[in-house]
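Listed after this line are the structures, all set down as structure tokens.
Shared chain: chain A. Partners: chain B in the first complex, chain C in the second.
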Partner chain A sequence: MKHFGFIAAVWMSIGLMSCSNQENNPVEEKSFADHFSGTVQNTRVNTAMAYIPGGEYKPFYGSDTSLVKVEPFLLDERPVTNGEYLDFVKSNPAWQKSNVKRIFADTAYLHNWSSDTTLPEGANADAPICNISWFAAKAYAESIGKRLPTLDEWEFVAMADATSPNARSKSEYSDRIIDLYLQKNRQFNPVKHSPPNYWGVYNMFDLIWEWTDDFNSILTTGDSRSGQYEDKSLFCAGGATSATDILNYAAFMRFALRTSLKADFTVANLGFRCARDTVVHLNK
Partner chain B sequence: MNRFYFFLAAMFLLTSCEDKQKHPEPLPSDSIFNLSSQWKNQYGDSLYLKDLQGKTLVVVMIYTSCKTACPILVSKMKSIESKIAKKDKRDVSLVLVSIDPETDTPARLHEFAKTNQMSDPQWVFLTSNESSTQEFANVLSMKYKKISPIDFSHSNIISVFSPDGQLVSQEEGAIDVDKVVLTLHETVQKSK
Partner chain C sequence: MRVKYLVLCASLSIALAITGCKTNTEQGKSSVSPVDMVASGEPEVAELTGAPKVPAPVGNRQPKKLIVNLVTTETEGIIADSIPYTFWTFNHTVPGSFIRIRVGDEVTLNLKNEASSVLPHNIDLHAVTGPGGGAAATSSVPGKETSFSFKAINPGLYVYHCAAPPVPMHIGNGMYGLILVEPEGGLPKVDREYYIMQGDFYTKASNIKKGLLEFDNDKAVAEKPDYVLFNGKKGSLLGANMIEAKVGETVRLFVGNGGPNLTSSFHVIGEIFDNVYLEGGSTISHNIQTTVVPAGGAVIVEFKCEVPGEYVLVDHALSRAFNKGAIGKLKVTGEANPKVFNAKTLSKH
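Showing the complex of A and B:
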């Protein structure tokens, strides 16, 4: 009898404790914090990265002729694959397709996956992951201590062909990329099955389009009309006349795509790769 | 007998636990309050966007050293504020988010608020770090770019959010103040 009373008392106090815990940590808030707080987990981090020494480069468009400086950085040698992204959502259920918050990804997010943790039927685990939003790409990168490359970093590496760091003046450089862009369904092919560029980086053009960290930094059309005219070179066909490199139609296509994106969009042939600073900032 | 009361009390506690679990209601999946970024207001207090929950929000992104578009945006915000129906006022927050976190410290935002007579409690100024600012701009589909150490190029958007953080409307470019005020009024009424 006394015994039971004691057990009941313990039971009650457990009840009280769990109550107060719940008040302090609403379930909703906790599950969300996992998105970006650095507690996101990923076990596969071993994609080789190419060292890019940086330098000055002339952005593809813009009427001013000033050069943009790119600091040294590391870039994944290839895009993130289906298999790697599967591992990511397995250890981070918040990014599974039935759990993802709508504000972070539109309804087409991983829409072709058979389940939350099953790749699309017939998908190659080594093909690049697509149908993911900017938020998802950013969360993935942060989960392995990396980040997305900036637009300037990506374009800096994209200037290279197989033999030179800047092939923009070669006519076959642009022709080759346009040819690649015209091939259909190339996003289903595995990574690293084509030769690398000068920096040892694979698949810059032949499989997918890629998210960049600051894709939202190109101001055009509607924005230009709203009183800001900084990037009018892309407005009203201005791009054709004030692009620094009018032969580089491939780059124009990339900029056009980026301006049309919103961060929650998911696109069937838009994926990403990660980057990292060469210097680790401990206090970041 | 003793045992019986203990049992009753324990059951009672357990039930009350369950009730609390159901409350508060989960945020809508598309709510901006799902963002976990940390911000500081013009008084230097740390807060999450979620702390703005419960009021209809009018949100704009600006930077205080801006000489061109932002003064117009700020005056539009003031004009919106002046046109809010009296009975709606305490259900609305007007939020100005800095796109220049490096320059716009809480102290600077406080000074800016004072200079522009925006010191009443419905005015909220927020500043964070570059990454959170970029993320928030992306949620608003707002484009911006640092074009020099003191200047940004950016799109002009005023957004209205419901009290649980869902986007109700966005006005871009030449912003029609009366339209924003009307949306605001409807949103406040709907949430009552």
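Showing the complex of A and C:
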């Protein structure tokens, strides 16, 4: 009971922060998550989160008319960094590269690290962590009382450019992202060195691909009644038949990547950021 | 009504079966269907070549188990006149490696996406009977390798390409090549064989790297290419890169078209194709001047070189040849043959 009261109080305070964040000020998180650490520990949890009010949006895949509702949520203003992940594996030896269970991460997991607790030579501690599996990203998020964003949440935020929440109709929106996507080795650059988007969120496109909680839902849990999400529709010209915005080549690229992933995969330019529900959502 | 239909069908299939047997006997070949052919022995790694070279003919060999190793890359290369462009490739070249197999071969195709790639890639081989031509089975994120196996059951010259979305971009950046499935006993012997593949390229200046060209989506949608090229580079078959033959030799060109959009009107100026395997299939037409190579299609042309000289290979939609790069040359050396061609000019005195 006492415990419950504490949680409620924390959530309320988050809620207040969330409200004050409506002007796109990222929420500064204190040591809140320490109380939720459970069996996994993480000490560095001060990543600012942006309040995303949610709303209805048109998913890239689906029928033209069906809008998806995205509830308000909090999203890390930037990807999780090498330095933060190093702290995580120090506190959670099970996720060190020599200890990790093979079913949770393939052999390339942190393969370039000099040791279990040493970043790759020359790596920037402020660059995003890559070469981690979905299981690892999820464990990290849970260690600080967060979760991975859903695909819809991530794509909702990805609609924004610097000045508007939905820039999908601007021709330069997709072009700019593709320009970024075509650059190699961006993942070695530090976070927050490029301007934030409308929501105050950084590095949605310019550094890495990002895991989402349901990265492969387009294949497995889509609306099977309508048959619109059969995986074959993503390949060759079939990919065009169920996309709502056929010119959004950048979105095609993200979906192509996600549908090629398995949860134990680790990839050189694939990282993640965390999300969390807001009070608004929890009070329902 | 229905019974009548069935009877008709049955008699038709019997008739077809008889014709089929006859053909097989006539050609002195096995009557085993390609599906039932046995590929014996240990798997061998297939010989692959970059254009304009092709691997050795299959000849009379029996079906084999073959391993085809392809790597997908995203690399800067020269598209024309020292201008760099970000190509996406199979085995580092545009077009990708030429694969040469025979009917009945069992192929294990391994597709490795380079770790330094940004994007996922896959392969759809038009020579494959099965979902997506292998595309879904081979979708590979950077650093990963995928594999699938297939049995070649239809002879012909086929295009393969990356089918990862957005497909026009993957193809537009150069992700295509040819796979030849020879019939049992192989194609008739010729003296020279070459591999040529056309592609249309849509470019714009990169906003991020000065001087670099990259794919332009708007131009691709409008189907207005800046370059139409043989073998991925302006001049790839010109100057020191001309393909060659001698007078009296027979030449076979394996000509593919990756597209993504344009259909080629392939022509060799000053030659007539003695044989054209229409659309790369089994029907052979003769005495052809210009042959169509559809986007995502291929053709085999054969001719005998009778007269020395330089023969210009073009897409006869000539603005592409004259202005956009779709031009190459075959250099034929040897004795003049005035009976066929006499260039003597009458001089006034």
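Quick note on the criterion: the second predicted complex is superposed on the first by the 221 of 284 C-alpha atoms of A that agree within 3 Å, B and C clash if a C-alpha of one lies under 4 Å from a C-alpha of the other, contacts with A are read in each partner's own complex, and residues count from 1 in each chain.
Keep this in mind: contacts are C-beta pairs under 8 Å (C-beta built on N, C-alpha and C of every residue); 3 or more make two chains touch, one makes a residue touch a chain.
These numbers were taken from a predicted model, which means no experiment stands behind them.
Novice: Could you say whether A:Y249 touches chain B, chain C, both of them, or neither, answering first, second, both or neither?
Specialist: Once the two structures are laid over each other on A, A:Y249 reaches chain C alone.
Novice: Mind working out whether A:L270 is in touch with chain B, chain C, both or neither, as first, second, both or neither?
Specialist: In the superposition, A:L270 touches chain C alone.
Novice: Would you check which partner chain A:D214 touches, where first means chain B only, second means chain C only, and both and neither mean what they say?
Specialist: Only chain B; A:D214 stays clear of chain C.
Novice: In the superposed arrangement, does A:L180 touch chain B (first), chain C (second), both or neither?
Specialist: Second partner only, chain C.
Novice: Thinking of the overlay built on chain A, is A:V68 touched by chain B (first), by chain C (second), by both, or by neither?
Specialist: neither
Novice: Of the partners chain B and chain C, which touch A:L257 in the superposed model: first, second, both, neither?
Specialist: second
Novice: Identify which of chain B and chain C touches the larger number of residues of chain A.
Specialist: B
Novice: Figure out whether A:W134 sits in contact with chain B (first) or chain C (second), or with both, or with neither.
Specialist: Touch partner of A:W134: chain B, not chain C.
Novice: Quick one: classify A:A94 as touching chain B (first), chain C (second), both or neither.
Specialist: After superposition on chain A, A:A94 lies in contact with neither partner.
Novice: Enumerate the residues of chain A that count as touching chain B in its complex and touching chain C in the other.
Specialist: On chain A, the overlap between the chain B and chain C contacts is residues 231.
Novice: Residue numbers of chain B touching chain A in their complex, please.
Specialist: Contacts found on chain B: 2-3, 6-7, 9-10, 13-14, 16-17, 20-21, 24, 26-32, 34-37, 50, 68-69, 72, 134-135, 137-139, 141-145, 147, 153-156, 172-174.
Novice: Considering the complex alone, what residue numbers of chain A touch chain B?
Specialist: That would be residues 1, 4-5, 8-9, 11-12, 15-16, 18-19, 22-23, 26-29, 32-33, 35-37, 101-104, 134-135, 138, 213-214, 216-219, 222-223, 225-228, 230-231, 262-263 of chain A.
Novice: List the residues on chain A that touch chain C in their complex, please.
Specialist: Residue positions touching the partner: 108, 171, 174-176, 178-185, 231-232, 234-237, 239, 247, 249, 252-253, 255-257, 259-261, 265, 267-270.
Novice: Sort out for me which residues of chain C touch chain A in the complex.
Specialist: 74, 86, 115-120, 122, 124, 131-132, 135-136, 139-144, 163-167, 169, 206-209, 214-215, 217-218, 221
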